[in-house]
Amino acid sequence: MSNVSSNQIFAWIERYAAHIAEQKDYLTELDAAIGDGDHGANMHRGLQAVLAKKAELQNTDVGVLLKGVAMTLISTIGGASGALYGTFFLQASTTAEGKTELSSTEFGSLLEKGLAGIVLRGKAALGDKTMIDALQPAIKAYKRSIESGEVREDALSKAVSAAERGLKSTIPLIARKGRASYLGERSAGHPDPGASSSVLLFRSAAETLC
Amino acid sequence: MSNVSSNQIFAWIERYAAHIAEQKDYLTELDAAIGDGDHGANMHRGLQAVLAKKAELQNTDVGVLLKGVAMTLISTIGGASGALYGTFFLQASTTAEGKTELSSTEFGSLLEKGLAGIVLRGKAALGDKTMIDALQPAIKAYKRSIESGEVREDALSKAVSAAERGLKSTIPLIARKGRASYLGERSAGHPDPGASSSVLLFRSAAETLC
Amino acid sequence: MALPASFSLSFLSILISCSHAILPQDMKKLINLPENVVVESITGFGAAFSNLVKVHTNANYITRADAPAKDKVALVSGGGSGHEPMHGGFVGRGMLDAACPGAVFTSPTPDQMFEATKAVNGGKGVLQIVKNYTGDVLNFEMAADLARAEGIEVEAVVIDDDVAVKDSLWTAGRRGVGTTVLAEKICGAAAEAGHSLKEVVALCHNVNANGRSMGMALTSCTVPHVGKPTFDLPEDEMEIGIGIHGEPGRTRTKLKSADEITEMLLAPIVADLPLRARDEVLLFVNSMGGTPLLELFVVYGKAHEILTKAGIKVARSLVGPYITSLEMAGASITVLKLDNQMTKLWDAPVLTPALRWGV
Amino acid sequence: MALPASFSLSFLSILISCSHAILPQDMKKLINLPENVVVESITGFGAAFSNLVKVHTNANYITRADAPAKDKVALVSGGGSGHEPMHGGFVGRGMLDAACPGAVFTSPTPDQMFEATKAVNGGKGVLQIVKNYTGDVLNFEMAADLARAEGIEVEAVVIDDDVAVKDSLWTAGRRGVGTTVLAEKICGAAAEAGHSLKEVVALCHNVNANGRSMGMALTSCTVPHVGKPTFDLPEDEMEIGIGIHGEPGRTRTKLKSADEITEMLLAPIVADLPLRARDEVLLFVNSMGGTPLLELFVVYGKAHEILTKAGIKVARSLVGPYITSLEMAGASITVLKLDNQMTKLWDAPVLTPALRWGV
């Protein structure tokens, strides 16, 4: 199976922007239920800003590309998701400096590094009802699949399923991090907005990186 | 025909308070359409305050009684109607100093003096779309009836009809005085709130002074 | 006694149709009983600003804590409640000596004004600053009669600056709105500086002659003792030229952008004054209550830009909720053409609950 | 590529169901395009208060007109827009050196904070006053990293005073609300008086430790770029313990009287601090935006009465819309237990668009 090219990585981000654009009102509604009703608008603002930089982000190496994505998200989103997704891409970019393509395994390491950044910055753990509940199982599923010799297409497909299960698992949880935590028990019964946008991140990957 | 006693005058005011209490929301609605939506509340506040002074207002002469009504309305209503109805009763009281009963003719003079006070204070004329449009024809009808030898019951009944016609006549008018005047042409098509409360004043008289 | 048929049938039936009970619990308001709201509110106000003002709940009026101020003209204003911080918030050094709050949106009564006048009279006479509403004018006149009967020199200046209303000798004339705040500040400074009653009266007329306002509403407000919105405004409409008591305005139109609305408010003001290039003005952009500062500064920014582009110098500014209509969403713009005296007096120290600088 | 069935059916169908276009004309707001509201608003703000502040629209931050102030600790704060006058209205002598407004109800970004920090750094270090929301905390942390990398000494104090939220080591902890305003005033005075960064940091922790708040809402607000109310609140209900971004609160109950609501807000504050007879406090009664002063003073009056009856001395007060949630109707109460130092610093001169005294 072929490597992931930097053009594909850009296509991934572009697709992610498209999914977010389409779902922004829904994400915002999820956030209104247990947060402050801006997650969709936040992500949309950030990803549109990334698209506006298409010229400078295309046709560079993956490191420069992802660092550009990170800095743009950080400087245009604000809010928890700006810092966290920004950190994800910033840390991810450090694994791809100078590279114009990545093996499936390298891509897995990239994801893992990104997630580690989120955990370090946000200090949340699995089960706190955050984006981590979608990201962590998805990345784990991807890695296990690749390690067991499956093709990237299958690995990504399994990652999407794992992310979705992770998202679903957030529904009954009582939030311990982020704004939803202020609600205490009233946060139970709602899916986490950040976990929803993370599902879309993997969905975009499955649609573009195979 | 018997004279009007000071007890009857008090009964008139009491009845007026009852009518206002019943119609206060309607008067307020009329005022909301072309004014500021407080005429019912204003009149109600004032007349309830008068009722609260029942002990000191009953069993005095008509002059003291009406002066007490006037001062109470003036000090509790505020707004145009407080000053104007207050002035009406204040001026009316000056015609009845020391009297414990009034002939039908004297009662007519009392009304006329009260109206003159309103005109002097508010500087409005017939057709300006104010309480004067109900009061003036009502008082005229009363006087003419008494002068032509009819009994007070009939004179008051004619006064009520004249007040009602006066109220009706305000509907198409463009207001030239009071808050409704700010509306210009948009004030046409609505009855004047003060003319409505003036109809109730004569209705109360017809119900109590015969 | 037989009532005429027309009365008992048509009139009565109209009259009775609409009455309904009002419970305070029906209203989204932080109040107890509607009939107590003004007294409870000014009591709280007095507790919060006891260093600046004194609240008298016998006749409901507010004076400077140090009243009567000796050897200065005293300024008394007042009007219906629901326009806070006006007028109580403007009582203090360099502005009003007393304020008389009426029931919500209802003029105060002569006895309030009379008591306030006696309490602040320092011997140099009393100026009543009256907004041009029949109720306010008539009640202040009655109060002035009472005060004069006790030998107090009283003059009244009626503020009528609302260009939404056509001015005419044959009507009640224009309403008094935003310029009132500016007149109270400027005349208060003049009184503080020792000007005579005659001079302060002339100055107040001058401020009124050079101030013009126009307002608009996006939503209605609800008067506590009424319990439902004063008027209905469909979801996609606004009212241009609204009064501060929810009186209907000039026109009702579809919602427009802040820039367009700002132009609609400013154009008649500029035309009516009229303003010319090189004039210096004070630009006062006021929230009707429910419009947040975030939006108000958008309007201010546009108004500032329009005036500046026309060569008019915005020399002074006031932005915020100063003459409000309870929780009504909307804004008004007031422009005051300044001269040197007015600018100097505007800048003079003021120490009140709602406006303070220079001290 | 074949997507798993569960995804394309259940998940996707939920996701797509609710999207709809938003036109600004749908909203009763004085704005132009929702995406421009913050920049247009701070531009207008800058024009109105050009003598006090300078607005930088490159990275969206507001500094004192005379920044950087030499030889004093600089105070930087910020947060989502929609809480005006906080924080921009508190920039000026004796309070903040810079404020960073984010999008409405969204934390600002690290580059705004970084630019603001550089612009106000006077060499004695910079204190970030941060309200405890994950977004604010994380973005301020990133900004601090950037500033420290350039050799600027930066400390952060996180304000978490909202007793509506249960505090815990395992969660994001309590929200930062009303005490933020008091901390900015008190620490601003300390910085002005020449205190070191270490001292101002300690003081800020002390203010935070002694301040508690709780808020409630009668109505929701509408975020411009969302276009509809953040939450639905039935006509006869209210939300107790609401956050300043429309986050749901502790409980939703039937409407109650102002007196009852005041007790519901004050009791958990008094218990949590805890307050005892003879304590001296600053009582801050805040409007969420849509609640008019008339009502706010009713709440203040009751809160003052409750505390006084409990033997607690209300030594200082602040009443008004200072930390708002756009046009939300409701109020919050903050009580700060005072010591001599805090009282002295509270009284010290302040000259900002929203708070000024002593100068």
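Per-chain residue numbering starts at 1, and chain names A, B, C and D are given in the order in which the chains are listed.
Operating definition for what follows: contacts are C-beta pairs under 8 Å (C-beta built on N, C-alpha and C of every residue); 3 or more make two chains touch, one makes a residue touch a chain.
Being a predicted model, the structure only gives us computed values, none of them experimental.
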Inquiry  = Quick check on the contact graph: shortest path length from chain A to chain C, in steps?
reply    = 2
Ask   = From chain C, which chain is the farthest off, judged by mean CA positions?
value = A
Ask   = When the C-alpha atoms of chain B and chain D are each averaged to a single point, how far apart are the two points in Å?
value = 54
Message = Centroid of chain B to centroid of chain C, CA atoms only: how many Å?
response = 30
Message = Suppose each chain is reduced to the average of its Cα coordinates; what separation in Å results between chain A and chain B?
response = 75
In chain C, residues with contacts to at least two other chains = 104
Ask   = When you check chain B against every other chain, which residues touch at least two of them?
value = none
Ask   = What topology does the chain touch graph have (line, ring, star, complete, other)?
value = line
Ask   = Which of the chains are touching one another, listed as pairs?
value = A-D, B-C, C-D
Chain D - residues contacting chain C, complex = 24-32, 37-38, 40-45, 47-49, 81-82, 84-85, 89, 104, 218-219, 235-236, 238, 254-259, 261, 285, 289-302, 304, 314, 317, 319, 321, 324, 326-327, 329-331, 356-359
Inquiry  = Can you tell me which positions in chain A touch chain D when the two form their complex?
reply    = 22-26, 28-29, 32, 34-38, 41-42, 45, 74-84, 86, 121-122, 153, 156-157, 160-161, 164, 167, 175-179, 181-184, 186, 196, 199, 203, 206-207, 210
Request  = Provide the residue numbers of chain D that touch chain A in the complex, in ascending order.
outcome  = 1-4, 6-7, 11, 14-20, 22, 35, 80, 102-111, 133-135, 138-139, 141-142, 162, 164-166, 170-172, 175, 223, 225-226, 230-231, 243, 245-248
